[in-house]
Structure formats: structure tokens, C-alpha cells
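This structure is in C-alpha cells; I'll ask about it shortly.
So that you can tell them apart, the chains are marked A, B, C and D in the order they are listed, and the count of residues begins at 1 in each.
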């Protein structure tokens, strides 16, 4: 038997290191038909804001080489809707529901956080300071270190349970941000959010996305994500949740070897809605084959001379 | 409605003309319920430049044989690869996806307007409507006579009015120029349309103005096809909704387009 | 007839916008068997340093999804060898030979630049402040704005002909760097160099590259590169040479629409050694089809409402 | 030597066993000069996860038929795709690449040591050496008898000594355990080797210690294959050199490995 339980910090444990990324797994129930979502370590739900947002105009998606750009822009019905309509529907899943908290101002982040505090079955929030698809806030917090610190500090005051801060890859020094939010009391960090990218249609000479730029995800970004997880691992002591282009168990294991305690699957769910279960099983199979009895041995287990 | 992910086996790949082909795919297990307007998402493997699944409408089903027909136009890399598939090849499919067309409240004649590959969902819809006691008529537009597709499969269900841009088959012009839309009193209780947005908008404006209900099946670019990513949005009077869940079929009155 | 001549600034013109990227086209003659390299707008040769460098240990390459990582690390025989052995061999190509000037210290950059000044047929240098594969210098100059400014200023003093500064994508704000080097007298900028990435072999649990991290190139990075070209275009007045994942004429046109005056082909040459000629012909064909008589109309020609 | 980029047509794809196959590919134009040890770079199209070309040694050529034989082991995604190719398919090839093996200074007996897919360049080398008046003997190592490849093509040129890890064919053990290397006075004027690095190092150390010249064809990961990228480096007494240009064949005395 392989022990697959991992400790995410702030008193939070996942029964296995495999979770699904915000914005890529709806609220979980979209995948009910395909898998038992209760098998997941956790589900990170779509970015949730203070009030309802319509998101960005269409088109919002562009396929790229081994990846995709999106400019969804935090479309969601707001935190109150989440509490009233969605929470009752998902709270009894046999996995952790973690809310991705988003906003344009520190006050909005805090407002959302406070409202979520009343929900017993939300063991953690993921503070999204890295969305590239909103005009104000979002990525600005994630690419300006003092802002990242400030919003983490304020949210930390409002949230007693596990606090995960999701970092933006659109920065010069990821370790600086990792350290900074650790200093402000983050229990763990997740990375990476999407890389800011762009697509043009040469035929029409127009940008493909209505917002011109969008967030790049998928296997294309994996090498960058892996590098950032490795850099962050050497900068902080808190656990790291790694993501960015993970498509299978091998990718997941690479992220763990680089320093991740757990991983998230994003874009991969679009291509194979059953991928998360395959990754759970694949990690266990890898451990058995390699005589690893505790999945935690993988974390930071890269051998380098 | 429950969604499935399954490997289908290609039973036949029928080339209709330079652009269009029909894939007949078979499931090892019984097919679930499916409704006209619904679509499938196909994984196109090992094709440079193709990363996401491709949405394709259900063209027809054969419950007994456990097969689905897909009418596909070679539009780019993914569909061109699909055109090369041979009998016996496997295709991984997520299905059935999206909402579906709805029958009119009262019985009568209905018009199904398709443009190009937008004709794909119409035979399945016609079958459904005929079953419900409607009288079906088609109005189909193609660029030219070389691109007509599988007309017999439409004629089974009702009269086919044709338009081609260059007049090489049916009437010359777009579907909007077709005489079936010119008649003073349109005899239709409901009009259904699928095709290029510009065509659907014109059809919708025309029939709405005459107090006739209209449903359109919309184009969109999709990532997940199952409501999880919010990439496939359409602006409606209810805000931005997902074409893969709340659509692809919309009452045109609800659309802001 | 389509006018394909483009103005790179500092008195330098390319007969067409298509050139080849440093480190990806050797010294040009490696491609003699496949194409007439004289058809190119320019050839950017391998990074050249003050003295001979052996580069990084093997392995130096990892294939990734739609891309590759390299950690070559500026292996070259030094500027004196270039002047004595290589220059005589390439100077009479019917195209511009542009030397990619690299180094670990400002003095080294200046030394290389000064030595190249004597070579009549080198109309421009490309200042490489963005190599992710050397320990000191290299990317440090490209990711720290005051350093980027300093090295540009010093090299500018030593170089009278056209000065191209090659920017690193591993920064938060590319426009800041673009503006900064423009302010120090760069005649044009080229971007992007490689994105810092990493690969791990899950089987051996070791990094694939001897240096652990390396530079990501190829179609995977194209959306990021395109976005940065577009951002830089809106920040500076000097011409931009765009690169990063360009594989064909359509990609090249997209970079021009985003704001590039010329483009470079890097990794694409490995997959098709004749790609550069195909891109030259493809751009002309596009112009003819779209009734464009001057390729310069493409630059910044993206239509956005 | 001039390099070419050309589409070849697959004439035959011969499956040898579960792992190995031979591709026989034909050029429409006459073949240029090629030498043993040289390789080609194949573009593997439309294969998920394959971006760069794949280097494969020249296993044999037929000048008249304008064909090249390649002996390939299914190692991963690219070679598995190649294994699926059928007669008539096209393959884009850059060739001939790299340096080549060299004949010994004086005539005599030579030993060609190959391990696994490393046997690939040896028949072409044997043909060349026999032409130059050498007497050729092979020492080939495989994991087991199921993986023996095309031995007749080796036997044409000289005696074949076999080793398998489990003794199911030839002698049991690695090539280093084979009795042909055990004899007190080795009769060979030169030894050539290609296979896993660990094997080649052992062979080189052994024969060098006995004053015999040794050439090895090295493994490496390549991006361009034509000397432009500096990715395929080998450390030598002359510094880091490119395996695709200064190699793949090296006098083992020059290697720092």
C-alpha cells in the first residue's frame, strides 16, 4: 500500500495529491457523469468575486500549439450565489471544495473571504492574485510584490482556515513572490496561473480574442511551470501545489519531484474529462513500481548532483 | 442528461464531394437518448496543431446498429485528419452534448434552413419533427452544385428548396433570396436554422418580423464542451451563457447578436 | 511587385523581413547545402564572447510539447576566432551578417563590440542581454532594468553602426525594458529570447539538462512572444524584430501585424532547414493575395476596435 | 559532403520482432555518396509529443534501386509512429549526416561490436571494410533471442559471434563476456563499436588497453543534426565538439566519457 495523503498546510490534508484547477473543472458536478469526483484530493472551483460578473466578450478562446489561450475573465455569479446555490450542491462531495477567491480590490477579496468563512465545508481558499484577464486587480496584485503582500495580509486576517495563494508566472522572480506571501502567512502557494499571451488571425488581421491578450495554459507552459515550482521550492518552506500543463501521471510526478506537494489539473480536463482519476492511479502505480511507500517521498525528490 | 466518454469504431467514411464526408461510427454499447441539435466532441489524435476536441453535430443515429452519423466539412487540420480515417479506426467521443431543438407548440408546417455544413443537424431534427406530426420543408444553401450533400437524406422528410450562390443548383443567390421565403404569407409555424451566423441572423430577423418563432443552432469555439470552462459564451438577454450547455440551440429572440 | 525592404534603424535595411535567429543558424554556411542564404534579410550568428567558451555540459537539449529546451550556454570560439576564421568565410554572403554579442560583464560586451567595429561588413550587432544559460551576466542584464540600461549605454558608445538589443521574456514588464534600452540609444530591439524552463525525467528522477534549467523555444512560446512584441510596439518608436516560435509565413505575418518590422526564425530551422526561404516566399504571396504592395504595411497592422 | 533534404517513399516496412523493424525507403533522384556511420534525420509528422527530427543510422543502401535501409527500434513516440508507416507513405529526410568510420591503416581482421539497435550501422561498415580488403568479424549483443535482428545481413560479411543477456542465443552474458574477447592474443587490427554508452566504454577500455585502435559511434540527443545548434555535444580532448558533425564516429582515445 502506498500512502497518498499529503499535507497542504494550515491543517489541511488531501487524501491524494491530485486536484483540479480553478476555471477548468466548473464546480465539480460538470464532471459527475464521467468520474467519481469524490476520488480527488480537492476541487478548486471557478474564481469567485464579490458580485456577479459577465466576464469578457466573445471570442474568449484560441487554440495554440500544445495549449490554449483563454480570456474568460472571471465570469461568475458572485459569492452570494455561490453560497446559496452552489455550496449546498457540492458541500457533501467526498473531497475538499476550495474556493478560488478573486477580485479587483483588496476590499473585494476580503469581502468574499469573510462571506466564505461561514461555510463549514470550505476548508481552504485559493487567493487568485494572478488572473491575467481582468482589467483592474487580478494580475496586478500578482505581479507587484508589495500588492501581493498587502492582499495576502488582509485576507489572512479574515480567513482562519488554510490559505493558499496562487501566484502569477508573469514575473521576473517567482521566488520573490513565493517568499513574500509566505511571510504574510500563506499556508501554501499554488503555481502557475496562465502566462499572458496573444493570438492573431492573419486572414482577418484581427486579434483572435476579444480582449486581444489572454492566458496561456496547457503542455506548452509545462517547462516554465516546472521551473517555477522548482525555484519556489528552494525559496519557501510552505507546501507548493504545482500546475501548468500537467496532462498525465508522469507530468504530475515531475512536478512533485521538482518540489510540489500536490498538483492541479487544468486544461487536461477539457481533453479528457476522466484524466484526474487516471493521474491518481498513475501516481500510485509509479510509487509501487519504484518501491515508494509514501507519495510524500516524491516531493522535491529530484536527484541532482 | 447523462454524458458519456466512449471509443467509437469507424464503420464507414463516405466522401460526398471535395469538402464534405460522412463518418458512420459505432459504439460497442447501447446508445443513450440523444436529441436533434445535440453534438459530440471528438478527440483528433496525432495531428499537428490540434490540441482540443472538435465539436460536431449529430447528423443521424441508428439505435439498433448503435451507430451515429456525422456530416463533416473539411474546415482545417482536425476535420481534414478525420476525413482520412478508415473503417476500423477508433475515435474517442464525448456525447451527447448541449440542449436540443424543440417542437413548435402547435402542429403545422415547419421550415428548416441550413447553410453549408450547417445543414448537419437538420435531418435528425426533421425525423424528430415528423414523428411529432409536423410537416417539414427544407431550405438549404450551398456555394455551388458541387457541394450539395446527401440530399436524399433530407428528401426523406420533406420538400427540399435549394439555393446556390452561383445558381448551379436550385435558385441562384443566398437562402434569403429563395422564393420559399418570398411568399406573402409564410405558411410556417416555426423556423429552425443552422449555418453561418450572418445567414442565421438574416433568417431570424426575417421570420421574427413576421411573428414566427425561430430557433438557431449557434457556432462557437469550444474548449471543454461540457460547461466547465466558460469559453463558449453567447450574449443573451439573460447575460452570457454557455453555448455547449444552455445552447447550442437558442430561441433567436433571446440572442444579443 | 511587392516592396519587401524594411528599415531596421541606425541606417540598416533588410531586403526582406526574414532573418535567422542567433544560435539556430550556425554561421550561415551550415545551411548552404539547403538554401541560398543570400536570399535572407539577415543572418544573426551565434552568441560571441570575449574568449572561447566550452558552454555547458551534456545533455543540453530536451524536447518539450511543441518546443525544446536548450542549455548550450554560449559555446563559441571567441571574438578573435570569429574575426580571423569565420568572418572571411561569411562576409561576402549577399545578406547582412549580424553578430550576437554576449558576455558576462559590461567590459566583455564592450570588448567584443570594439573588436567587431573593425569589420566593415558587420552592419549591426545584436546585444544579447537575455541568455538564460550562463551563470553570471547574460540574463541578469536582461531582467534587471538598470543593468540593461547600463550595458546598452556602454556598448552604444563603442558601436557606431546599427545596434539591436535582444530582450529577455523572463520579466514582468517587457515594455519597461523596451523603453529603457530605446532611451539608451538602441536602434531597434529584438524579442524574445528563450523563456526559462526545465524538464525532469520521471524515470531517472533527474533533470534532463545538465544545468537543470534551460531556454524554451519553438511554437510553445509563440503566444507569449507575440504578446510581448505587441506590448513593445506600443511602448517604443524604434523598429522591433520579432521572434519566438515562428514556423511558417502565417506566423511571421502575425508577428508583423503585432508590430514587428522584421522577424527571425530560430528553432524552425532545425525542423526544416529550408523554412526561411519558404517564409520569404509566403510573405510575398500573402501580400499579393491581400493587395499589399509594401510589406511595411503589415507592421502594426492588426485591426482592433 | 553535400547534404540533402528530400521526400523518400517507403517501399517496405519489415517487422523483425516486437521491437525492431526495417524501413526501406526510396528516393526519386539518384542517391549521393554515403559512408558507413553516417545517419539521416527523419521528420516524424503528426505524432503527439514529437517536435524534432529523429536521427537514424544508415543500415544499408542500394544505389541502383535508389533505396536506403534503416534498422529501427521502437524506443518511444517517434519510432513507434515510424513502425506504423506503410508502403507508399512519404518520409522527409535530411541526409547524409555526420562523419563516418575509417578503415584501419593496415589490412587484417577487424571486429565490429554492436549492442541492441547499435548494430544498425555495422553491415554497411562491414561492406565497406570488406571492399577495402579487410576480414570482418561481428560481436553482437542482444537482450534475448527474441530480439535478434536480420542476422543473415551480417553473416554475408563475416563470422557473427552472439551474446544474449539470458543465453537464449549465442553465449550468455554481455558482449564483454563473449569468448571472442577472451582470447589471449586478440587478432584484430581495429575494433568498431556502436551501442549503449556503457558497452562502448567497456569495449574501448578493453581494446585500447591491448593497443588496438577503436572507433565508436556515439549516442546523443540532437536538434538540428547539421551542426547549427550545438546541442549534441561530446566532451573530447579537443573540447566540446558536435556529435552530428565531428561525430558520430570518434576514435575512442579522443573521448572524455
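One rule holds in what follows: contacts are C-beta pairs under 8 Å (C-beta built on N, C-alpha and C of every residue); 3 or more make two chains touch, one makes a residue touch a chain.
Every value quoted in this text rests on a predicted model; they were computed, and no experiment measured them.
Counting hops only between chains that touch, chain B reaches chain D in a minimum of 1. Contacts with chain B and chain C are shared by A, D.
Centre to centre, using the average C-alpha position, chain A and chain B are separated by 36 Å. Centroids built from CA atoms put chain D at 47 Å from chain A.
Rounded to whole angstrom, the centroid-to-centroid distance between chain A and chain C, based on C-alpha atoms, equals 34 Å.
Shared contact sites, meaning residues of chain B that touch two or more other chains, are absent.
In chain A, 62, 64-67, 218 are the positions where the chain touches two or more neighbouring chains simultaneously. Judged by the touch criterion defined above, the protein chains form a single closed ring in which each chain touches exactly two others. Applying the touch definition to every pair of chains gives A-B, A-C, B-D, C-D.
Residues 62, 64-67, 69, 143, 170-173, 195-200, 202, 204-207, 212-213, 216, 218-224, 226-227, 230, 245, 250, 253-254, 257-258, 286, 301-304 of chain A touch chain C in their complex.
Contacts from chain C toward chain D in the complex involve residues 23-26, 30-31, 33-34, 46, 54-55, 57-68, 70, 72, 75, 218, 267, 269-274. Within the complex formed with chain D, the residues of chain B that make contact are 45-48, 81. Listing the residues of chain B that touch chain A in their complex gives 2-5, 43, 49-53, 94, 220-235, 239-240.
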